[in-house]
Structures are given as structure tokens and as C-alpha cells.
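Letters A, B, C, D, E and F mark the chains in the order given here, with residues in each chain numbered from 1 onward.
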């Protein structure tokens, strides 16, 4: 099956920490490529985003899934 | 201010598409580095995640913010 | 009060596991009905989604709330 | 590849609505089964969740992915 | 029904903008009160968060629901 | 750097609870101001949202980041 999530970053597991309910997985990303961010039009205009701008993609850890 | 979100992927804006309410931003990630994923302990055990495993970090576009 | 979240799946609590900060709740869904997924137009076109297609709705556990 | 997301609800596409950037996909869920919700321990205790309780799993549409 | 989501900020609708698929709702919050953020232990320690610290709660718009 | 997330609520840390993997941070919001919620057009129409409506912004704790 192919999934609608646009972003798949290939890498190697760097560390696994298990809690009682949650787990923290560190991944060393090797082949980043292109990622897609969906933000509000208002934010895109406020930040005046244009091709070539140096930016950072910010992602909360609870929003990242792992496939193996 | 420093933000609690663990993941910041540096890159260049590749494309900006504005809709009426939302906007789609393509980012060519240049310096991936280490990312942190928070999943359930159950998933980590089911996938038998261990250091060195080849994996993919999967992220829905609506969960990615942009900083400039 | 009525909430904007489009998806409410009725069911019975199957298991409750409490950690120090988080809790994992298993729910046996009884009356699924229709759910709404918001994805990017690009994904919908890539997956060539059409009425009648057999699909799977994929949801990360941290994104599910419980009402009682 | 197997994905860490715990919840996969099988069903049929009921409707596809494309906007400029986003798309709304209606899915008639056929085989619900067991879903896992991760909430705070505090919420689980406040709601006094116990096995057998009648509940609703509430999910914002922007958090649902589609696999085909 | 009571919902597990910990945060409910009372206020008045300030603006409603409808797109084809999504809508942007501005809310003037009147009674903020206490909100709960769940972050990684690692972030809490990195930011050295302590009672009394001046902070900002940062929330992506796609993660906010509206109840009326 | 400025971040695309539309919502920043200023306040003071009220409590910090550390688990093994996650942490719960209580914040007493002092200067709420205007917040932006992105919901489906369908929800906005179903709830018949209009300027001046008394509403509640509902946010799951796992979706709130902290900046210091």
C-alpha cells in the first residue's frame, strides 16, 4: 500500500529509548530529499517565502512515524 | 527563544503554492542530521526497532512548520 | 457544545494502560460509519483516489482523543 | 515496510473533493477493529476510563492519512 | 460527553474565512487559564523548564479545533 | 528565525512533571490575544460559525510546543 503522507526520510536508527507507554527513537537521516510542508497562506505571506530562501522545517517529535 | 520541537531540518525553499486558505511549501533539505520520533512503546516493540536498522521517518505535511 | 473534529467513532474501552505521564487506551470500535481525511491535493492525485477504492485510514495514536 | 502508526481502518472511498492545495476524502469504514489512543494519564484519570466504558474516539480530519 | 483534550480556551469568533476545502477561524481568547503541553522529557530538560519561567505556548493552527 | 505556527500564547510555567520519555508542562497563560484555528470548511458551515459567536478552542496537549 502507498500512503498519502508526503514525507519519507530514509535513515538509520541511532538510539531507542523505551518508557512505560511511549518510546523515543533517534534516526540519523541519510537521504533527505524534498519535503512538503502545509502551512496557512497567511504564514507563507507573513514569512514572505520564496524559492531559494534558506529555511528550517520544524517538526514536533510526536508527529513523526517510523516505518521499517 | 528556543522551541521544544526536537526536529529542525535546514534546507532551501524549492516551491511555494498558495491556495485560498492553505499553502504548500516544498523544501530541499540540505543538512538532515538526527531526528527524534515519539511513537508508542508497543510500536517500537512490534517493529523490533534496534540501533542500525534501516528505517523511514514518515511525516504528514500538515505537521511540518517552516521557520525563516 | 459541538466540536469541529469531523470524526467520532463509537466503541467500548478494551484496555487502559497508565504510564507516568501518558496513557494508552484501546477502544473496540463498534459503529464506524463515515470518516473524513484531509490530505494534500497532490497526495489524492498521486494515489488516484476515486469513489469505491479500497483504502485504509491510517491514524497515529497520539492524534486520537477519547470522549466519555 | 510496516509503519509505527497503530491504527488502520479498512474501508471504501465514499467521496473525493479537491481544493487548490488540500483534498477532503470521505471513507466508509468497513472493518473497524481495535484502535489505540494515546492521551495524558491525567485525562484518563479525570474521565475515569475503565474497561467496558462506552466512549467515542475523536479524530481531527487533518490527522488522518489514506493508504491505497 | 467530556473530551480527553486538556485545553479549552474560551473566546469569541473574530473572523471566518472559507476556502474550497479548509476554513480559517480567528478567535479572540478571553479566559485563557491553565494549558497543558506534552513535550519530550529531553526538551523539558534542554530548555531547563522550571516553575515561574516566562514561556510561550506555540500551536500550529491545523491542530486547533473549535467547539460551539 | 520566525516560525510559521500562527499561535503563540505568552504565560508562566505553573508545573513541570517529568516521565521517562515524556513531560507534562502546565502553563498559566497571561496574554492570550487572537488565535487561528484551521478546520474543514464543512465543520465551519455545520457549526454555522460567525463573528461574535462564543466558542472554545480545543487543543490536544500533545500538539502544544513550548518556547523559552
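Everything below uses one rule, namely that a residue touches a chain if its C-beta (ideal position, glycine included) is under 8 Å from a C-beta of that chain, and two chains touch if they have at least 3 such contacts.
This is a predicted model, so every value here is computed, not measured.
Trainee: Between B-C and D-E, which chain pair shares more contacting C-beta pairs?
Mentor: D-E
Trainee: I need the rotation angle between the copies subunit B and subunit E from a CA superposition, between 0 and 180°, in steps of 5.
Mentor: Rotation angle between the two copies comes out at 120 degrees.
Trainee: Roughly how many whole angstrom separate the Cα centroids of subunit C and subunit F?
Mentor: 21
Trainee: If you look at subunit E, which of its residues touch at least two other chains?
Mentor: Subunit E, residues with two or more chain partners: 1-6, 18-24, 36-40, 42-44, 47, 56, 58, 60-63, 65-68.
Trainee: Edges wherever two chains touch, nodes for the chains themselves; is that graph a line, a ring, a star, complete, or other here?
Mentor: Contact map by chain: complete.
Trainee: Note which residues of subunit E are touching subunit B in the complex, please.
Mentor: 17-24, 37, 39-40, 42-44, 46-47, 56, 58, 60, 62
Trainee: With touch defined as at the start, can you tell me which subunit B residues reach subunit E in the complex?
Mentor: Residues of subunit B touching subunit E: 1-6, 19-22, 36, 38, 62-63, 65.
Trainee: Using the touch rule from the top, collect the residues of subunit D that touch subunit F in their complex.
Mentor: Spelled out, the residues of subunit D in touch with subunit F are 24, 38-40, 42, 60-62.
Trainee: With touch defined as at the start, can you tell me which subunit D residues reach subunit C in the complex?
Mentor: Subunit D residues touching subunit C: 3-16, 18-30, 32-41, 43-45, 47-68.
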